[in-house]
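First chain written, first letter: the chains are A, B and C, and each begins at residue 1.
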Amino acid sequence: MLKFGRDDRLNHVINLRSNKRIEAIEITKEIKEVISKSNFSSGVAFIYSPHTTSGIMINESYDPSVAEDINSFLSKLAPKDRDYKHLEGNSDAHIKSSIIGPSKTIIIENEKLVLGTWQGIFFMEFDGPRSRNVYVKLIKS
Amino acid sequence: MLKFGRDDRLNHVINLRSNKRIEAIEITKEIKEVISKSNFSSGVAFIYSPHTTSGIMINESYDPSVAEDINSFLSKLAPKDRDYKHLEGNSDAHIKSSIIGPSKTIIIENEKLVLGTWQGIFFMEFDGPRSRNVYVKLIKS
Amino acid sequence: MLKFGRDDRLNHVINLRSNKRIEAIEITKEIKEVISKSNFSSGVAFIYSPHTTSGIMINESYDPSVAEDINSFLSKLAPKDRDYKHLEGNSDAHIKSSIIGPSKTIIIENEKLVLGTWQGIFFMEFDGPRSRNVYVKLIKS
């Protein structure tokens, strides 16, 4: 599938591991490292989760309780046990994934991510603990 | 508006028809055909629904009951009949459309869509049956 | 941060002011002006809110009650007062922001936005009144 070699300036994979079933893992630093090592000046970073029970979210990272409130909200909204048809027992995680979405895009200018003052980037785990990947594709403007 | 001729390698329209009011229609095969006939090697595919009562979703396609669980969830969340202001009687469909979103973006590498093992692409109908269009724009990286 | 000068054809900032706590502000005209003054023929417009208590939405703009129904729905779904952990009292606005999402992307063809007949673009304020910015980045295809 994806063979993102070191020589490919535009394609990157971030590996991470979640420790709980539901967890917001901040990846802002990792994404910034991708930009800075890519020598990429202007365009957008496209950040993609290839999984069906996780998502990518941009929200406040200064106070970690914001992401916790979002996860508590989602857990009440789509409880784990309900009369779901899918027999694997993780339909709630698929639902949360589709609400948050599998990707986000962020502007890059002057070799820097253009995030708002309070914004951070999160990998949202909804069916952990698991090993996960995040793909980053840089697109010139 | 859009005049996507055959000669235009980067712009494509997929026509489809929904058969129920609420329906998840998988379009992974159609999107893959667009990529392969475009001779497009590296970038992203931007997949867009120009309608206000539908959406584009990426989630598990291996077991169709996942998309059915998501639609059941959305129907309980935003029931058709409530004290809505909009008089056309389909406010629930507009709400579902904004939760799922009108578009998704997917990486293309080596002339192939980079989807996760279990991921498929769905046109989400929330106010059918109708004739619908999906626009696909290929963007070089 | 962003220093989008007049000479930069691809980067634009739209300033706006919300007047209520929760408000859908249509910005379709402003985005169209950005495209037309940029002399930009083909690609996508990436529209981004750098705030954590707002979002960008595409939905019906012909009848303003559609956006009002969506905001009423979101307000019932995530009420302002609940047992949230975040102490600023606006966790509901962060939640709404993550449901709607901080950005949308729209195709540009022949120097025009490719929107469906009924679609408009909205800045969704969830914790106003405030001064807000919307970034627009044009990306060639």
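We adopt the following convention: a residue touches a chain if its C-beta (ideal position, glycine included) is under 8 Å from a C-beta of that chain, and two chains touch if they have at least 3 such contacts.
Since this is a predicted model, take the numbers as computed values, not measurements.
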Please classify the inter-chain touch graph. Allowed labels: line, ring, star, complete, other.
complete
Same or different, please, for the chain B to chain C contact, judged on whether over half of the interface numbers appear on both copies.
different
What's the distance between the Cα centroids of chain B and chain C, rounded to whole Å?
21
Two or more other chains in contact with one residue: find those residues in chain B.
77, 99, 101, 105, 139-140
Chain B partner, complex, touching residues on chain A are 1-3, 10-11, 46, 48-52, 77-78, 84-88, 91, 94-95, 97-99, 101-103, 105, 135, 137-140
Seen from chain B, its contact residues with chain A in the complex are 42-44, 57-60, 63, 65-66, 68-70, 72-73, 77, 99-101, 104-107, 109, 112, 114-119, 139-141
